[in-house]
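We just call them A, B, C and D in the order they show up, numbering each chain from 1.
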Amino acid sequence: MLIKMRPDATADEVKAVETKLVGLGFKTGKMVGEAITLIGVYGDITRLPVEEIEELAGVEQLIPISRAYKRVAQKGAPDRPIYQTVSIGKVVCGGDELVVVAGPCSVESESQIMEAARLVRDAGAQILRGGVVKYRSSPYSGWEGLGSSDTDSLRKGLALIVKAGREFGLPTAVEILDPADVPVYEDAGVDCIQIGEPNSKNQALLNRLRTTPLPVIHKRGNSLDTEAYLLWVERMMTGGKENVIVCERGIASQNRYTRNTLDVGSIAAFRYQLTGLPVAVDASHATGIRDLVHPATLSGIIAGASVVLVESHPNPLIAKSDGFQGLFPEQLRALVEASRETWELRKRLDRRYLPSAALEKDYLARMDADRARFFGKR
Amino acid sequence: MLIKMRPDATADEVKAVETKLVGLGFKTGKMVGEAITLIGVYGDITRLPVEEIEELAGVEQLIPISRAYKRVAQKGAPDRPIYQTVSIGKVVCGGDELVVVAGPCSVESESQIMEAARLVRDAGAQILRGGVVKYRSSPYSGWEGLGSSDTDSLRKGLALIVKAGREFGLPTAVEILDPADVPVYEDAGVDCIQIGEPNSKNQALLNRLRTTPLPVIHKRGNSLDTEAYLLWVERMMTGGKENVIVCERGIASQNRYTRNTLDVGSIAAFRYQLTGLPVAVDASHATGIRDLVHPATLSGIIAGASVVLVESHPNPLIAKSDGFQGLFPEQLRALVEASRETWELRKRLDRRYLPSAALEKDYLARMDADRARFFGKR
Amino acid sequence: MLIKMRPDATADEVKAVETKLVGLGFKTGKMVGEAITLIGVYGDITRLPVEEIEELAGVEQLIPISRAYKRVAQKGAPDRPIYQTVSIGKVVCGGDELVVVAGPCSVESESQIMEAARLVRDAGAQILRGGVVKYRSSPYSGWEGLGSSDTDSLRKGLALIVKAGREFGLPTAVEILDPADVPVYEDAGVDCIQIGEPNSKNQALLNRLRTTPLPVIHKRGNSLDTEAYLLWVERMMTGGKENVIVCERGIASQNRYTRNTLDVGSIAAFRYQLTGLPVAVDASHATGIRDLVHPATLSGIIAGASVVLVESHPNPLIAKSDGFQGLFPEQLRALVEASRETWELRKRLDRRYLPSAALEKDYLARMDADRARFFGKR
Amino acid sequence: MLIKMRPDATADEVKAVETKLVGLGFKTGKMVGEAITLIGVYGDITRLPVEEIEELAGVEQLIPISRAYKRVAQKGAPDRPIYQTVSIGKVVCGGDELVVVAGPCSVESESQIMEAARLVRDAGAQILRGGVVKYRSSPYSGWEGLGSSDTDSLRKGLALIVKAGREFGLPTAVEILDPADVPVYEDAGVDCIQIGEPNSKNQALLNRLRTTPLPVIHKRGNSLDTEAYLLWVERMMTGGKENVIVCERGIASQNRYTRNTLDVGSIAAFRYQLTGLPVAVDASHATGIRDLVHPATLSGIIAGASVVLVESHPNPLIAKSDGFQGLFPEQLRALVEASRETWELRKRLDRRYLPSAALEKDYLARMDADRARFFGKR
């Protein structure tokens, strides 16, 4: 962290800031320019009391120069990152196998979710998804999920998907909307809680999930920058929670054709630069167009995702919600197969991936010679 | 609503859709093209069971041609809209007077909120704002509000701002984060509940607020289109709730300089085209820069806002949160005064505002003559 | 195209619009609702004189229901699209082989471009890129390319890259900035003209390029919607020009971490739905971060691209422009190899790609039975 | 400017960077942390050879801490900025009077532009606008302006608007598309050249305009950040050109309702923080909706604009282009009148505008006392 002092800050004020920082256990550095003095702060920046510092006399601005999300952040050397795994039921995410989470947008009836689960299992996916309370952008859509009327309906709805999952050997992942419902999900035997896009910055919900033992798939809010999102993920992890999966599902943009814009650059950044957590891609919500889910999912995998979220339905033409993006069963089978092949390719290619950290030293050493060669400069 | 049939839809399928619609009480029209048949649906579209229609054989897509937010929507003729008012305590929003809601980002201590309230009253603002539980984009900011630890701390924090408001004759508006806290806010004597930007699409919270008697200021989510936002507002109103204020507080964009982008086009659209609800502008969060709050607030008023939300602090240099955007007391006074003058101007100008509806008939009648005059065409 | 009439349009006005359309050779349909009359227009919509129709009495709005970019648009049935190829020199784009266009951001000296070309050839790329006049977002960057001072310098700069390309058997692709320079590029022996992002909507340049025999890579403007961009591409093709390659290079968004946001959803849409033209991906400009170019490029290929644009440099640490995104030679080799493997995978997977058009008929037929099964409905 | 050294930079490399900078005439500072060394550069940063520095061994990144657009940048103290004026013909922009530039999207015929000019004059606007070659997002719109076929048609079209302007005592502002046309505009007697949004980053055009004596209105590209745009404006001014007007006309965003999003925050920043150049607002293109042009224009004025661009037409219902946003003559009159009143108000309010620079010293002095008062801290 850099502290930029005001142009009119006095030497005493600068001194006071340094004293304060040292008193808090940080090391400091200083650079005095004609107009601006900068104070560097070294140590565990997450412990820095930002407000207290900002309120010190003479302080103009705090300029971060390293990352603020310590728990989310990738560990290990830049060319040898350490990745962690998260288990959903018996299924390991972020490990050697690609994990596909598939199922209908919403649990519509017992027979529908049983049939959906069977098709998910037959397609080779490992985890069953399905909403019991549903986000709807219009209050007039007429369907907010089997569990939307009260806690009892929520319990019954969750029981249906858990039953379907167990019948076909699939752990289940279900979206949550209300912090008060966390114990209901835990008791119902759900294997993973999902935070949908509209709740990505729901502070009360994220705070509540700090203490659930269940793994959480946390979808990125569609207006959040790559790193701003990771700070919201970090929130859940501050109490020690570790079993979190980050998920890119499309960001808002000027695009009209697709519903959102799948941000594979962030997927790649999550995987290769920013975090060791498993990375999921949800191309169903990102594109909103059934026939683009296939290529967009594969692009997420090759860019860095190890978990795929996809909506599928026994007959999407009669789905009560998101019918335009749910895959037909044949498409789900094709997608799981293609995803696996893409994943195998990425694993092979990853071994040959060359981060700059492994090369820069050599090229730094050659810089003078190269300059002379190309520009005749010494 | 238009229903676009698939190219391969049979005459029987088209017939079945029409029969279904008539059975539901709608009137229908039909247009049969070479490749595409369109069925028009007339009547109260909010009652249309969208999913049921989408699942009918042969239906490809529903194309909305009129607005889906009936309760939010502006009533009256285009050139004679009807506006409604919302009372916060004794203060009437959306009426003849501009309403300024001011106060610190967060309630920090009893002496701070008392001093803040005094300054708000002295500046001429009518409502006191102040957060008791605070959104923070980083979990390490070190301050989430006096009321963030438990329900008891929330009660005590709310009591402080209510006390300060009563001392200085100011109704209070306080942000809520968790649906479970609604009764706590109601019991504390808060006069208005505020939904912050990160909760704009929090379905559980919006559903819960359907039944509170307290007025609600609902801030627009920063990735929501103008009308998509109104659908989220409509959600709260579906049960009959009427005392809602819409609020533009900046949208996410490629801009770096300001924190968000204040969308005055939407403010103007809310006021002059889309809704009769009172419209608020929050330029503090939109710009994130103290010295831009003044011009940006005025631009919101002249564009159509009748309520101003603004952060102010007895000494923003020591504020525990949002210190960069809180106004100094002198700036608050200047802003309230300037806002009032801008409001008086807008009221005068509104009387001379000429919507096209009042003119089009004449120009339609002149079209042939004008074409002849300019283009020599008959 | 649908024509929405004003609420107050008279029967005579509706009649006049229909008569006008029939007179122009179109077929029409009509749907009369309580408040709104819609007129459908059938035929070659690109021939519709939009302004003339808009100016007819009673017309409120034209609502497009099919695509306006006829030449760009994909030909063939939805499940059997027809793809076309574009040759750059001897290299065929959009055919059976993946094409990699690589080279430095700018031609800096003869020895630099010769060395760069050698490395491009050795890495297995087929086309050499390199700017002779360069876009720079700041006028103070101190380098706008060898050819930026006048036409003579442009000629000399172009000669260098053409020489380097010929030496190593690589056709060349060079960006153009000024319509007046088209003949200079043609005469210099450049094999392909590139339109950079800032010129994506440069009407004068696009109009001028209608008549060049050289193939053109047209990069998408970073604020253009998927289909709005295709209309700008269509502009070049209206005179009969066919050798155009579309290119996604990142769009502007709220993202801060990457320079732009690579939109693979649009790449997939170009390939699988919207056009038969070859599709290129430029992950160097999309991400702006050297170590993300590799995964982001692969994601573009698997999503639908058949041409890769990538910046590489003999020693990017001394590059005069875009030094942070240029690949080291070893990285270029690794990328070309990985790209080829990804391409081979995609060709295999493409054969198993299942567009909905091939499945919908069956599921339409099952809709009633499935509804009965899941919802007990008849 | 800060130079961030690589973690592995040696002491010799750091030394070499400092030596280089001193050799170039800059002063330097240094801060050595545990992991990162930062070197500060002081002096005229626009003279810093960025590429050369970036290529020095051990340099990781250059971090700007002050503005790069020296000529565009506001001069004077923060609380006493200096504003400059730009004359278009006899009309002074950025001075004591609000300037309204009005007229049709395009010059359609002699009688049309004469009538349009008369109405512009009668409404009280001071400058006549009108396109002779027109941007069209579709090549099939059927109308690209009277001057679009060749240089001769351009000359004739320009002559029409110049004639109309002179007849009614109005200087003229006309958009340019091709750098080659600059002398044609100069010779035709046009009083001001306009750069449209799609050309905002057209480097060849901007470079060419460096030497025209005509004033230029430079519209902001709809994907450009506030300050990134100013760097493109700076480009034109680097050779000494001073008569430039900046213009906000809406940015691309996720909004669907309005065509673009009018960014009043940037208008306020241009006026109160970033530049001394006159600031224009174009609400016609920003909103794309006739009935929103009025409120949005006023919001631009109160936020900081001193020039208004607005499309008007004798009968917009028959306009060949942009017919949905052109004002009816009565609306133009109402807008000019309302704009003047808003301007008079802003001039009054500006005198009472309180930038923080005028207050901070006092509040800095009170910080300790206030902290003690509110938080019981010493």
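Quick note on the criterion: a contact is a pair of C-beta atoms (placed from the backbone, for glycine too) under 8 Å apart; a residue touches a chain by one contact, two chains touch by 3 or more.
All figures in this text were calculated on a predicted structure; none of them were measured in a lab.
Undergrad: When I count C-beta pairs in contact, which pair ends up with more: B-D or B-C?
TA: B-D
Undergrad: Based on the averaged CA atom positions, which chain is farthest from subunit A?
TA: Of all chains, D has its centre farthest from that of subunit A.
Undergrad: Suppose each chain is reduced to the average of its Cα coordinates; what separation in Å results between subunit B and subunit D?
TA: 29
Undergrad: Can you check how far apart subunit B and subunit C are, centre to centre, with Cα atoms defining each centre and the answer in Å?
TA: Their C-alpha centroids are separated by 38 Å.
Undergrad: Which residue numbers or ranges of subunit D touch two or more of the other chains?
TA: Only 55, 223, 228, 251-254, 256, 317-318, 360, 364, 367, 371 qualify.
Undergrad: Write out the stretch or stretches of subunit C touching subunit D in their complex.
TA: Listed in rising order, the residues of subunit C that touch subunit D are 46-52, 54-55, 68, 135-144, 177-180, 198-199, 201-204, 221-223, 228, 231-232, 234-235, 238, 251-252, 317-321, 323.
Undergrad: Please give the residue numbers of subunit D that touch subunit A in the complex, ascending.
TA: It comes out as residues 2, 4, 6, 8, 27, 29-36, 38, 40, 42, 55-58, 63, 65, 252-254, 256, 360-361, 364, 367-368, 371.
Undergrad: What part of subunit A is in contact with subunit C in the complex they form?
TA: Touch residues, subunit A against subunit C: 108-109, 111-112, 115, 223-228, 250-258, 260-269, 271-273, 286-287, 289-292, 294-296, 298-304, 314-318, 328, 330-331, 334, 337-338, 341-342, 345-346, 348-349, 352-356, 359-360, 363-364, 366-367, 370-371, 373-375.
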